[in-house]
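Look at the two complexes coming up: chain A is in both, with chain B in one and chain C in the other.
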Partner chain A sequence: MASAYLTHQQKVLRLYKKSLRHLESWCIFRDKYRFYACLLRARFDENKGEKDMVKATMMLKSGEEEFWANQHPQPYIFPDSPGGTSYERYECYKVPEWVLDHWHPSEKAMYPDYFSKREQWKKLRMQKRSTSLL
Partner chain B sequence: MAARVLQQCVRSFARPSLRLCSGNLAVRAAAAPTAALHRPLSFAADSRRTRWLGQSRTPSVGVLCRQYGDLPPLTLETIKDRVLYVLKLYDKINPEKLQTTSHFMKDLGLDSLDQVEIIMAMEDEFGFEIPDAEAEKLMTPEEIVQYIADKKDVYE
Partner chain C sequence: MLNKAIEMNTLTSPLHLTSCMILVFFILSYPILTSLSPKPLKTDWAISHVKKAVKLAFFTSLLPLFLFLNQGTETIMTDWKWMGTDTFNLCISLKFDFFSTIFTPIALFVTWSILEFASWYMHTDPNMNRFFKYLLIFLIAMIILVTANNMFQLFIGWEGVGIMSFLLIGWWYGRTDANTAALQAVLYNRVGDIGLIFTMAWFATNLNSWDLQQVFTASKDMDLTFPLLGLIIAATGKSAQFGLHPWLPSAMEGPTPVSALLHSSTMVVAGIFLLVRMSPLLENNPTALTTCLCLGALTTLFTATCALTQNDIKKIVAFSTSSQLGLMMVTIGLNQPQLAFLHICTHAFFKAMLFLCSGSIIHSLNDEQDIRKMGGMNHLVPFTSSCLTLGSLALTGTPFLAGFFSKDAIIEALNTSYLNAWALVLTLLATSFTAVYSLRIVFFVSMGNPRFTPLSPINENNPTVINPIKRLAWGSIIAGLLITSNVLPMKTPVMSMPPLLKLAALTVTLLGVLTAIELASLTNKQFKTTPNLTAHHFSNMLGFFPAIIHRLTPKLNLVLGQTIAAQTVDQTWLEKTGPKAIVSLNEPLIKTTNNIQQGMIKTYLSLFFFTLAMALLLLLT
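== the complex of A and B ==
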């Protein structure tokens, strides 16, 4: 993302994704979920070609309000994502990446494949950092 | 008497541990010798069960370290196979035309809503969420495989 503002397309796609996830939390049986997901997709598809941005923004706003009214109180959240059970669980055990440079050569000899390519990888990363805009 | 039984224990456990160490040097060396060393100590206490000594099976390569309640390790190959399998199940994609480098929008003629559905299927397959900011940039199966390998630290 270059700027902090989302484009209309991005907003619509995010609404679609979160509404599908909440629908999945409501319809726990897979075939029932599939049926209602197809209906939801048809609703998104019929208004897909709207060229008038004012009308499209109004539709997006009403869609967001409908989502807010129909959301699930305890939606399924993946364990590793924010709000999930395993979010940041192993964060205290993660070691920063530069520690690998401080290993003893006898320890480095235990993983020869990785360390032989590590210098190349670091160079690539420096190049990427200097050329990317972020 | 107890010393002789202990010697038999150590010798018969040294034999399979030699086999393990010589065959698989590439695997994490720390786990195997310590596991082999600790076994005679624990079996010295139960020296009555001498029949068990010769029957330790040589486990396969990936199982030399202890496995707690975790999934089998991911490799780039398995990630690619799973991604392509899920894509072939999607009915808007023609399975013959699917390659790892085929772009969803340009080659396969899919929509942005279809791409969202594909990313959701990948999230369901691999069990972790792909945030929206990064999901909208994944446009080929190759990129999806690389992203998953990045997140899961597979042959980085």
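== the complex of A and C ==
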């Protein structure tokens, strides 16, 4: 059940994942990366059984500071992720779905299965709108 | 009989030259004009009309080139007078001299190859016809710029290429970064345009003309520092010199054909071309020449430093372009405009080829542009990676490839001149950095094992990709040799120099390559090298120049706006000089008057009668 606050586990895992990604940006060759990734995992695993929450939070804080100091200035971002080179590239070609209502009947006849269910789908959407927030 | 033939030839060759060049304009404009009809364009209009037009225009422009090389024909054609007074006229005036006759075929050849490549790269794009139309309008504007004989026509071409650059960088306008980059290009170019417009105004008021011939003759004994500085500012904006350079790496947001055509071969050299055209004015002005030299040296080193740690293949090539433009500026500062022009021509070939190879690799890897996720392309796309290596070798000035003839000549001229030693050191350092980042590209892209997931079948079976790269590869090999063997140098180069100076460029490049190989082999090793993070961050974040300037300028403007609103309007106009001022001026008067009249009637009456009595006494006695 997601809430507004992150749990300690979520924070630690997020720190681990982003440090792995930045490590990947620094260590370009896979074998070298694997070596240092194993070392990083060992560092995290060493303290994973910590029961004292204060100490765990302090360790997390120092970990975040170490990450900030050692991060890569141009981390590798996947092309389709936010900040990537082809993110939002095809937004200008996307058309809103109400345009489908303006198709000529001869064009609609090319996709009979979809259009036969479309009216029903629109009715469902109107019903849902009154009950849900989306 | 032979004499008569020669006489006929010399009489008619200017006519042939002019006719062919005008025909080039018409061939290029025909697809644009026919696309204005309401009939929708055919799906293959881009290939059947645009590419064919450019190819035809290239072959047409070869005749003027051969006429020029054979007989030295140069013409100036002045046509329709648009407007003017008795003494100042604006005409369409085309100058087909050494620079424009050689540049036009090269630009058309490179554009032809890029258009053929773009028909593969953009084939999934629904608006491909519009893309080709934009590229064609850009090409026409560029040729107008190059053949202009007056400043006004040059300005038309100048603005034309700027606008098309904006439209093409922002091709995928759904992307925020693309819009930012396009706006950045326009704004930085505009700042440079201030210089050009200032120079035009200076020419109009002091020399009473915008015609290049009159400008050159009328300015013989004048102090031209101000207009030349204006031209240098214009070149700084258009050719991405230090200070107005961030738009060029950001312009890589556009599709690869745009980067290959505009931002490597043609548009960015417009600023340098302007200075080459105005070189008769620059010759006698040491201030302007020194500015060019120092600015160019700073640019070439700074951008080469930034290129060292970039990870996006297109950004590395963009910074490489910027570095070479700095080198061209250095050449102009050495008073060698012809060498700068030679470098423009050879650079067009191998830089466009580098971009096309990068584009081919990017497309094969499903739009992956980061070199950290490439590798092993040597085995997967052998021809493309060979051409990448060839282009890099030409870029670094490997003996007897295209880049050697221009780059080595520039370094020799720099070494044997008695000018700024600081500029010399910077340029040599930048030359070694060129070798370093070129090797970096080849090492991470072609060598080693693949670091990407094998998703798409990578092949080189499409002739639409291979043929353009092949043509440009031939150009990268023989263009330098062809141009230098057919064209006489305008200034005598220094023929004899100590061996160290002669081999300086080669030595420095080799040192760079060896350093790069050593550093590259370190990336493979297991021991943890602690990189000098400060230097790495300086290089990676582009010297923090964009980070600072892009926030400082708006911040200063906003603070100024706030000062105007708060201090000037609210405090000054309203409080100190306006309505509240009336209050503050009147208040003391009111208070004084109020204090005097306290309502003490008896005191006032007694004082009045006392004064009256005194006055009467004085009168009566």
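Keep this in mind: the second predicted complex is superposed on the first by the 105 of 134 C-alpha atoms of A that agree within 3 Å, B and C clash if a C-alpha of one lies under 4 Å from a C-alpha of the other, contacts with A are read in each partner's own complex, and residues count from 1 in each chain.
As a working rule, a contact is a pair of C-beta atoms (placed from the backbone, for glycine too) under 8 Å apart; a residue touches a chain by one contact, two chains touch by 3 or more.
Bear in mind that the values here come from a model prediction, so they are computed numbers and not experimental data.
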Clash or fit (per the criteria above) of chain B with chain C on chain A: fit
Chain B versus chain C as contact partner of A:Y90, first or second or both or neither: second
Partner chain(s) touched by A:Q9 [first = chain B, second = chain C, both, neither]: first
First (chain B), second (chain C), both or neither touched by A:T57: neither
Partner chain(s) touched by A:Q127 [first = chain B, second = chain C, both, neither]: neither
Which superposed partner A:F44 touches (first chain B, second chain C, both, neither): first
Partner chain in contact with A:L20 - chain B first, chain C second, else both or neither: first
Touching partner for A:F35 - first (chain B), second (chain C), both, neither: second
Nearest Cα pair across chain B and chain C, whole Å: 5
Intersection of the chain A residues that touch chain B with those that touch chain C: 79
Chain B to chain A touching residues, read off their complex: 28-29, 111-113, 116-117, 119-120, 123, 127-129, 131-133, 135-136
Residue numbers on chain C that touch chain A, as the complex places them: 126, 172-176, 310-312, 366-370, 372-373, 444, 448, 451, 523-526, 528, 536-537, 540-541
Contact footprint of chain B on chain A as seen in their complex: 1, 9-10, 13-14, 16-17, 20-21, 41, 44-45, 48, 77-81, 110
Chain C-touching residues of chain A, taken from the complex the two chains share: 24-25, 28-30, 32, 35-36, 73-74, 76, 79, 85-94
